[in-house]
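Can you keep this structure in mind? I'll have questions shortly.
Think of it as A, B, C, D and E in the order they're written, each chain with its own count starting at 1.
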Amino acid sequence: MIIRPESHWFIRLFAWHGSVLPGIWFRLSLNLLMSLIAIFCLDWYETLGIKLTLAPFSLLGVSIAVFLGFRNSVCFGRFIEARMFWGNLLIACRTLQRLALAISPADAPRVTSLLLAFSYSLKHQLRHSDAREDLRRYLGEEADEVLKRRSPTNFIELQLSQWLADQRRRGNLSDILYMHMDSNINQLSQVLGGCERLASMPVPFAYGLLLHRTVYLFCTLLPFALVPDLHYMTPLVSVFIAYTFLSLDTLAEELEMPFGLATNHLPLDAMCTNIEINLREMNLDEDLPDTPRPDSRYRLT
Amino acid sequence: MIIRPESHWFIRLFAWHGSVLPGIWFRLSLNLLMSLIAIFCLDWYETLGIKLTLAPFSLLGVSIAVFLGFRNSVCFGRFIEARMFWGNLLIACRTLQRLALAISPADAPRVTSLLLAFSYSLKHQLRHSDAREDLRRYLGEEADEVLKRRSPTNFIELQLSQWLADQRRRGNLSDILYMHMDSNINQLSQVLGGCERLASMPVPFAYGLLLHRTVYLFCTLLPFALVPDLHYMTPLVSVFIAYTFLSLDTLAEELEMPFGLATNHLPLDAMCTNIEINLREMNLDEDLPDTPRPDSRYRLT
Amino acid sequence: MIIRPESHWFIRLFAWHGSVLPGIWFRLSLNLLMSLIAIFCLDWYETLGIKLTLAPFSLLGVSIAVFLGFRNSVCFGRFIEARMFWGNLLIACRTLQRLALAISPADAPRVTSLLLAFSYSLKHQLRHSDAREDLRRYLGEEADEVLKRRSPTNFIELQLSQWLADQRRRGNLSDILYMHMDSNINQLSQVLGGCERLASMPVPFAYGLLLHRTVYLFCTLLPFALVPDLHYMTPLVSVFIAYTFLSLDTLAEELEMPFGLATNHLPLDAMCTNIEINLREMNLDEDLPDTPRPDSRYRLT
Amino acid sequence: MIIRPESHWFIRLFAWHGSVLPGIWFRLSLNLLMSLIAIFCLDWYETLGIKLTLAPFSLLGVSIAVFLGFRNSVCFGRFIEARMFWGNLLIACRTLQRLALAISPADAPRVTSLLLAFSYSLKHQLRHSDAREDLRRYLGEEADEVLKRRSPTNFIELQLSQWLADQRRRGNLSDILYMHMDSNINQLSQVLGGCERLASMPVPFAYGLLLHRTVYLFCTLLPFALVPDLHYMTPLVSVFIAYTFLSLDTLAEELEMPFGLATNHLPLDAMCTNIEINLREMNLDEDLPDTPRPDSRYRLT
Amino acid sequence: MIIRPESHWFIRLFAWHGSVLPGIWFRLSLNLLMSLIAIFCLDWYETLGIKLTLAPFSLLGVSIAVFLGFRNSVCFGRFIEARMFWGNLLIACRTLQRLALAISPADAPRVTSLLLAFSYSLKHQLRHSDAREDLRRYLGEEADEVLKRRSPTNFIELQLSQWLADQRRRGNLSDILYMHMDSNINQLSQVLGGCERLASMPVPFAYGLLLHRTVYLFCTLLPFALVPDLHYMTPLVSVFIAYTFLSLDTLAEELEMPFGLATNHLPLDAMCTNIEINLREMNLDEDLPDTPRPDSRYRLT
């Protein structure tokens, strides 16, 4: 995730970090090359009676814009949904911590550990990274038991649920309060299930493919359609149009799977740290981790 | 469902598996044929004073793109809703299993069997396939009783509800906990009712028909409108435009009914296996089924 | 509602049942007539210096397409919402029946009767048809009392609520279970209130009027704008464009009020029968009604 | 709100009541005048070398259509949300009445009075009209106490809440039933808060301004761009396009604040009467008010 | 936030306050300058064989309009979501106050103080302003303890939760009522978590950048494409188109982060005062603050 401070509109025109330019640099160069070829061959292929005019490309371009807009809103919707789940995770963690502090304050640190283990485990599950170190920090020896499972995150939730059942069995909790806290554990289930759904189910492959291809072919043929009218200005206009279409296509692809480490993905590390700060502050811990800040390239992971 | 690993953008341009090309191959060939006819007859029908220009097709093409975009988002919305129901099924199953383990651990295996029978029965109901084998695996002799019903899936839910009522009647469950668990059984009802709604109620037939026809007629007449301008380039541009429109039309149709076995349908088999792995792992079973993986053509059913 | 079996794409091009053609036949003929007039008068009105070009119609056409797309998604949204309410009705009926069977099985037939009376009464209220016969079947003499009311459906819900209050007063139900069942009766309220909202509040009349008029004027003037370019091809292209626009306008209008008996309306009869099958099967009744099937013209009412 | 009976498509083309024509009559005349000026000055300003062509207007027109479509769906969304709140008010009133009848029938008339006072007070608050008369009818002397408050509607809800608290304190209600009824009073809070939010927060002023201005300037300049091509047909086409754009702009503005008394606003009077009929019928009152009907100009306030 | 009284459509055409003109004045002047340069250089660069035609700009313009429409609805969605959270805050505060008055009236003033401290603290947190003064007003000495925390708003919620837990521990509240009130405290958590989510997570930076750049380059090149057709009219049309695109781009940017003090941001001050009036009126306080009114430039902060 790129978090840039507000900057003047003029400076922003030339921003490099946070733009999608690095990802489409090569493809724009190809488009530039095509434009130059179009200019040099113009005379030659006009003698062949082959000509491309702009009108069909205009029709095609508007259609592609409509479809690209559709795909963009779908992929952006996934990004927003993913962010919403992590926002709900913070809310659910705070609520469970709040209830633990209100109902059985002695157990609050245990609840904190399980909630943090849940959050870090979810992050590692979504990023396919190694959860060992983080889980050991919060769960100690129990971590090995958890890591053996195929769904470690769900297993941690189960531990939380069993701590709660234990409280009820010992008579520390009435059935009412048990139900109330369990409903909040359900919120964790919702977050876990929702994130797994997003991660395991991309937008149907054919959509991406279809737009990827049409955008590509469109940008490749475009210079030949522009050159009879624009002549020497072809490269400028052609690269400009290609930039717009390729950027949106690339951006949509990045947002489709928002749990990775790419420029526009969610800063799960920072979110986990934020949950940790919140929960431990509620326990009145003093040595909290630092608030995460973007690095010099404005990135937050 | 096609689950492709990330591949280079260049290689992806030529992907065959997962694209809708196999479904529209024949219709694109027809369009190519039309283009060739248009080129050969150009001189002849110009003498007749018959000519088609691109301008009305441009208007029509943009309109069709807008309507196609509408139909696409409707059909895609159905696909997403179906996926959401199955995601909620996993969440509800985990929650009921978690509660069973917390409240009456001795009954957990019975709950697991009923939840798995529910999931498999729902899959077979949606795919109109034979549930006998799967239900026998989980329910034993009870399966025959279930299979006689017109709504077997609802009947399995009823069994679960009656197990719960039985617990309450015997005094193992307070009314509070009964209500709490019953609310989670309601989640199964929501999933069942929602899937039945999607399966029994297509998008009004006239929508699909209208777009099917206009896209078709449009693609058929298009070469004749392109040929006066583009001449020898007609086949290239005409097939390109037809590919874009026909693909989206075909894709929308496939996504409309997402419970089948076609390329872009939901992998219900894999989802059922996933629910099974999750529930049985919560019971600490050791011999879990394998995690489902896409086959060599990237398909997951 | 038209429920067509899947048919080959080619056959579907010529489908008559389920298309909106029957409704716009006359208006398309008018458009054809206009095209012929335009061809015959071309020479004459060109001498007058009056000419219509396609460019302003192109602008207008795209704008109308955008607005028509908006109206379509609004009207389709109403259709979907109506379907959702009836889906929720089925879910709520099953849940109440399930709870009745679990908590006081002796009363289950009474609950079934009230739920079925509620469903049929809602159907008749929405279709402004006579509920007498259906209500007598389920309520016997009580039906006359119900039919005297201005909101019979709400009155039936009140009976259900009073049966429940009675159970609580006699001590058969704890307050918890009373609350739990009453929450499910609330689902019936939501369905009733939602359907009444859709039925009593159309999309603002001015929207339909505006699009109706612009689509009309547009289709009438279009041939005169096409004829200078297309000449003898005018009728073909003009009728094609008019077909697209008029169909969508007509379809939107039909979907706006989805409770009637027109081609694209909801099959409320079939839905009521389906609820009946479900509830009576849960009571283990043997002689269930037949599952509703579309007639020879694929219609389901 | 205009509630028109279904009429033949042909008659509807000339409807006056319920259309937005009365509101834009003057502005359409201005546009007509501009068209005539354009025709008369055509020769003169062509000699000046000043000419406007349609191409930039086409680009601008489509852009404005997209933005107008956006504003329309936003404003229509507000209208729908407002209608939804009033639908929920009816549902919440029925539910509270149902619960009062089930739990303490003797108090039902008091609950009815408070619910009706709430509904009428909300109507008057949203329309900035005088609630005195209606409140006196339902609350008697208490009305004066209520009318002194800055948020009379919220104050009435507080009375209802205190009646409920009183019941609990006297031991007539268990905590469970208190909670259940209070949750339904929360529904009234949701309706009140939601309506206040809509009423106090318009769509950002700059949106309306921006579209208002661009639509205006566009319609004013349009005749000069059309006249070189269309000549004598300019007024027809220009007024047609202006009608489409101005109507949608005006309609969006009307729907933005749906609580007033304009043609397309919500019929709050009728809705209040409807709530009254429903609640009093549940009390078995005999002399109910008449069902509200549209007047001779199809209006319902 | 600009709250303008309704004004005549004609006067509104020239409104300055509340329009985005002040923010794009300089950039429109640049566009005007470009247009003049284009007019003066027309002859010169036509001799170079360099020419820009409108057709590719038309394609590009429509595409940019589609993408701008997408970004606008996303940013406006954030604005609406933020407003919704503050509406829900008012509802939750009223509900908690209502419950406090019903259940333990003696504590109502303490609840009021905590709710007001929560609201003001949230406002200051979102605006990065100094909460000291407001918190001291409501919390007295406790404020210092709160202000030491990294999440003061969450800490105030924790105080409320602990007051509630205290009541339960002392036996003033049954578990049922504890659960009911805690569920309403959860509503505060939802508001807090939701606002933090909006504030910490902008729309992916690349979106804004992409549109910012394309809109810019488009407006800069446009005069050169318009000048061959429009000649002396270029500045008028070019500035008009640039105004439309730049305004929407600027407005989207302002709405993206709705918690600031800019023209189109939310009036958090007024909303906090409104909550204060509501809660204190429910306690029957007499000296309420004045209802907030827009200043002479129609602004409400």
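Observations, loosely collected:
Assume a contact is a pair of C-beta atoms (placed from the backbone, for glycine too) under 8 Å apart; a residue touches a chain by one contact, two chains touch by 3 or more.
These are the chains along with the protein names UniProt gives them: A, B, C, D, E = Ibestrophin.
Worth saying up front: this structure is predicted, and the values here are computed from it rather than measured.
By the document's definition of touch, chain A (Ibestrophin) and chain E (Ibestrophin) have no common neighbour. Listed by label, the chains that touch chain D (Ibestrophin) and also chain E (Ibestrophin) number zero. Residue numbering at the chain C (Ibestrophin)/chain D (Ibestrophin) interface overlaps only partly, since under half of the positions present are found in both copies. Note: centroid distance chain B (Ibestrophin) to chain D (Ibestrophin), computed from Cα atoms, is 38 Å. Chain A (Ibestrophin) and chain B (Ibestrophin), compared by their mean Cα positions, are separated by 24 Å.
In chain D (Ibestrophin), the positions touching at least two other chains are 55, 58, 62, 66, 69, 176, 179.
Taken pairwise by the contact criterion, the protein chains form one closed cycle in which every chain touches exactly two others.
Annotation: chains form a contact ring; the order from chain B (Ibestrophin), going to chain C (Ibestrophin) first, is B, C, D, E, A.
The touching residues of chain D (Ibestrophin), counted against chain E (Ibestrophin) in their complex, run 27, 48-53, 55-56, 58-60, 62-64, 66-67, 69-70, 74, 149-151, 154-155, 157-158, 161-162, 164-165, 168, 175-176, 178-179, 182-183, 185-186, 189-190, 192-194, 196-197, 201-202, 204-207, 209-210, 212-214, 216-217, 221.
Within the complex formed with chain A (Ibestrophin), the residues of chain B (Ibestrophin) that make contact are 1-4, 9, 12-13, 15, 18-20, 54-55, 57-58, 61-62, 65-66, 68-69, 72-73, 76, 79, 83-84, 87-88, 90-91, 94-95, 98-99, 101-103, 174, 176-177, 179-180, 226, 229-233, 236-237, 240-241, 243-245, 247-248, 251, 255, 263-264, 277-278, 281-282, 288, 291, 298.
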